[in-house]
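Before I ask anything, here is the structure I am working with.
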């Protein structure tokens, strides 16, 4: 499998160099793998910090900036970052008002962020944590690692980031982040596996004419394999899977997310079907975002995330944001 | 090595620990592709590369800042794994070694029994941190039988290696309940757990370090 | 080849339905294939109209909005739109100040827009046209169809759109558009072919271990096929090809554009190499844009576009823009 | 059809033109995949689908608003192609038919000679609009020999079809200098031009319409 890279070993560092060169509004520490808002620490502001394996861009580095994250820590491809990164980043962004760690629910992320939180607290930084676990394809039970964190991460980071930008204290920013996560559910499908630079080939075999239902974003196969379905059928399946778990009684934010290699033409066609199902299920849509936001390298496929919002959350969603990957209002 | 020899070698010094960690690093390096392949089936295809990166940092650190005691060697190695691996395995293996290192204190030499007890404490810490139970198809399924097999003499190192190997093999029919493989549900059955496999390599390196 | 679609025949209409559902700030005429700013015609403003084959999204429909295009006319996949669309769109957006057609230099686009211009003028609409032809992979001579229009289209639409938003008259908007085009050059590479819905398979064969240099955005093979190169080598080749033709003596805008299926991680790594070469060639970078903007369905690969700017053009580039595909400042 | 018969059939009425366009549409429909395949090699893999869409609209329109004269039939068809095809071929074929239709005026019947002259005018308009010359590897390389071969009787229709076919075949070794194929430079050599191929189908339909 061909890739636009130098060697597998340097893909993350190379991408960070490119991010630094392309976005002067970011401070990128390539060696230590920390991406920080150039104006950090923002005085009297609660800071948001996230991170996770690379390969999901623009998540998280593309979400660093005004109104969203203060710092992001990219790990190796599909590998959670190490505590040293988070501790360094926390020190760089803490204004004294504390730092919220936004953590996707994967064992690796959870453990590394937990260690980082302890170390950061040892250094006198107040830390709160929110765990994102929105993927309904995974049964949430004490007998599993719990639901994965996927598309809802964007909603959590944007909305909690807006609250922090408004000057909310750490407890409120944390509470909002938890509320957004609790109000969000996702479901994803893959039409093709992805290719990790280290492996150089597809992470799983998917025969022609079949698709994976309930995939995550790390190249892992899904819960179920089926004969290829139409955009319409996939939308029915995915939205119903989400609505089985989340029964919105107020409007929703909709993220129609591309996994990386699905053309925008297809993604918007899929968005049409998602809106159709939502209409049939009498769910009101407040805002829609369509694009490649929480990706899985070159995987073809898409995911749907719904986030039920009230007026307060919607106002925070609409608030200005200025990052490489998401921008409006400023 | 005969059992009569092992009696006089019961004291394990810092250099034994250095040899152990170096042997583990070599083994991980050689088997990296296989570990990644196993992780590709039920995980995210990075376990080999993760472990390789981590243990390369361990051998580097052992050379650059040679530890003064067995405990210091394990703590140094554990810290390197935590700082370099990432993923689930980094904090877990890092905790295993740090915890075991702390248990050994700053003694210049330790007995196989002390090592066995220290590793038992390390494995307990892994169980606590990761929340996994035996049979969940994780590294614990190789580590627990290994520490069970460890006894008062170095001959038990070989037995521990074999027990870890058997434990790793026994993960094949298991349904994963922790870590990334748990997302696959029934589809995780029929594959050997990558972390249990790397654990077996690390335990097997104990006996190699005696040579 | 699997696609997230219903049937090949409806991909464009389906995508337009999705665009309409997701972007209430647009008026989308699905049947007649016209995408228009909801507030069109904007009083006393020169209107910008573009269009071309589908499959290059967000180009052009994703660039309709404040500060950029007033209307876009999507054709079938890789097929230029028909004059009826442009005539209808021109009538919808003309405020009386005239309409600038932004046309990529492909025979089909040129001919269809020419016919549309005649028909629109018959209806009393003042029309000016700018031809975008920035692709240095194609020899520009009277014995060819001339250079293709690719990445520079984004620069032309953004900068001329900003001028129109400021209230510039048609001649000035047209002159600026021409200047941007004359100051822009592009070069693209493909690591994989793309798959058109109608064909259902790759548009050309590219053996493992080889890449196409000098590709366009319609699935056509490039000028040359070579053994696979590193990101560094590709950046050297592409930037030098551009600089052979454009010798900037003032700062440049840089577009590091993904063809559709290249992960952002790779694209930013490539951006790092592009910046490196530009530094070595003593070219000053004013702004950089990295992402999938002028795509070719699910093709893997990237293109580099440079646009030399003076202070005036840079100010217009920085001016607010609010579209589905490009947004800042508002 | 013998040449003695053709003498009385020299007058071509509106229904002949309807049969011609319908035969062309059928032929394009059957060969659509091949046309797209040819366009895939040196273009953008849409010529077959473009032509199919356009000619389907032509037959639709002929049914819905039956034209009152040969000229009206060609103008109607040309307008449909312009409105439905897009791409390079839409305006070019549309112009060909519209221009030819205009040349025929509103006569209820026309002679083969008048048709030949009208098509010649249409082909000239294509050359002017597209700026291509013979040998540039375009539809002109089939259309020009075809109008050369058209004469004063319907027997020449078959000859025109053969000439167009030969012309299309002759594009194989040519280096494309117009249209999308020109981007390929030397790599365009060795492939038959899709537009020349569809032109040959349309010209061949003339003779079929006599039956």
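Points to keep in mind about this one:
In this document, chain identifiers A, B, C and D correspond to the written order of the chains, with residue numbering beginning at 1 in each.
By definition in this document, contacts are C-beta pairs under 8 Å (C-beta built on N, C-alpha and C of every residue); 3 or more make two chains touch, one makes a residue touch a chain.
A quick note: this is a predicted structure, and the numbers were derived from the prediction, not measured.
Least step count on the touch graph, subunit B to subunit C: 2.
Using CA-based centroids throughout, the chain positioned farthest away from subunit D is B. Taking the mean of the C-alpha atoms as each chain's centre, subunit A and subunit C sit 28 Å apart.
Centres computed as Cα averages put subunit A at a distance of 55 Å from subunit D. The distance from the centre of subunit C to the centre of subunit D, each centre being the mean of the chain's C-alpha atoms, comes to 32 Å. Averaging C-alpha coordinates per chain places the centre of subunit B 76 Å away from that of subunit D.
Under the contact definition stated at the top, the residues of subunit A that touch 2 or more other chains are 77.
Judged by the touch criterion defined above, the protein chains link up one after another in an open path, with no loop closing it.
Listed by label, the pairs of touching chains are A-B, A-C, C-D. Against subunit C, the residues of subunit A that register as touching in their complex are 1-7, 10-12, 14-23, 54-55, 57-58, 62, 77, 191-192, 208-209, 211, 228, 230-232, 234, 254, 256, 260-273, 275, 285, 288-290, 292, 295, 297-298, 300-302, 322, 324, 327-330.
If you check the complex, the residues on subunit B that touch subunit A are 36, 40-46, 49-50, 53, 82-92, 129-130, 177-180, 182-185, 187.
Here subunit C touches subunit D in the complex through residues 53, 75-84, 106-108, 111-112, 114-115, 137-139, 143-145, 148, 196, 198-199, 203-204, 216, 218-221, 223, going by the rule given at the top.
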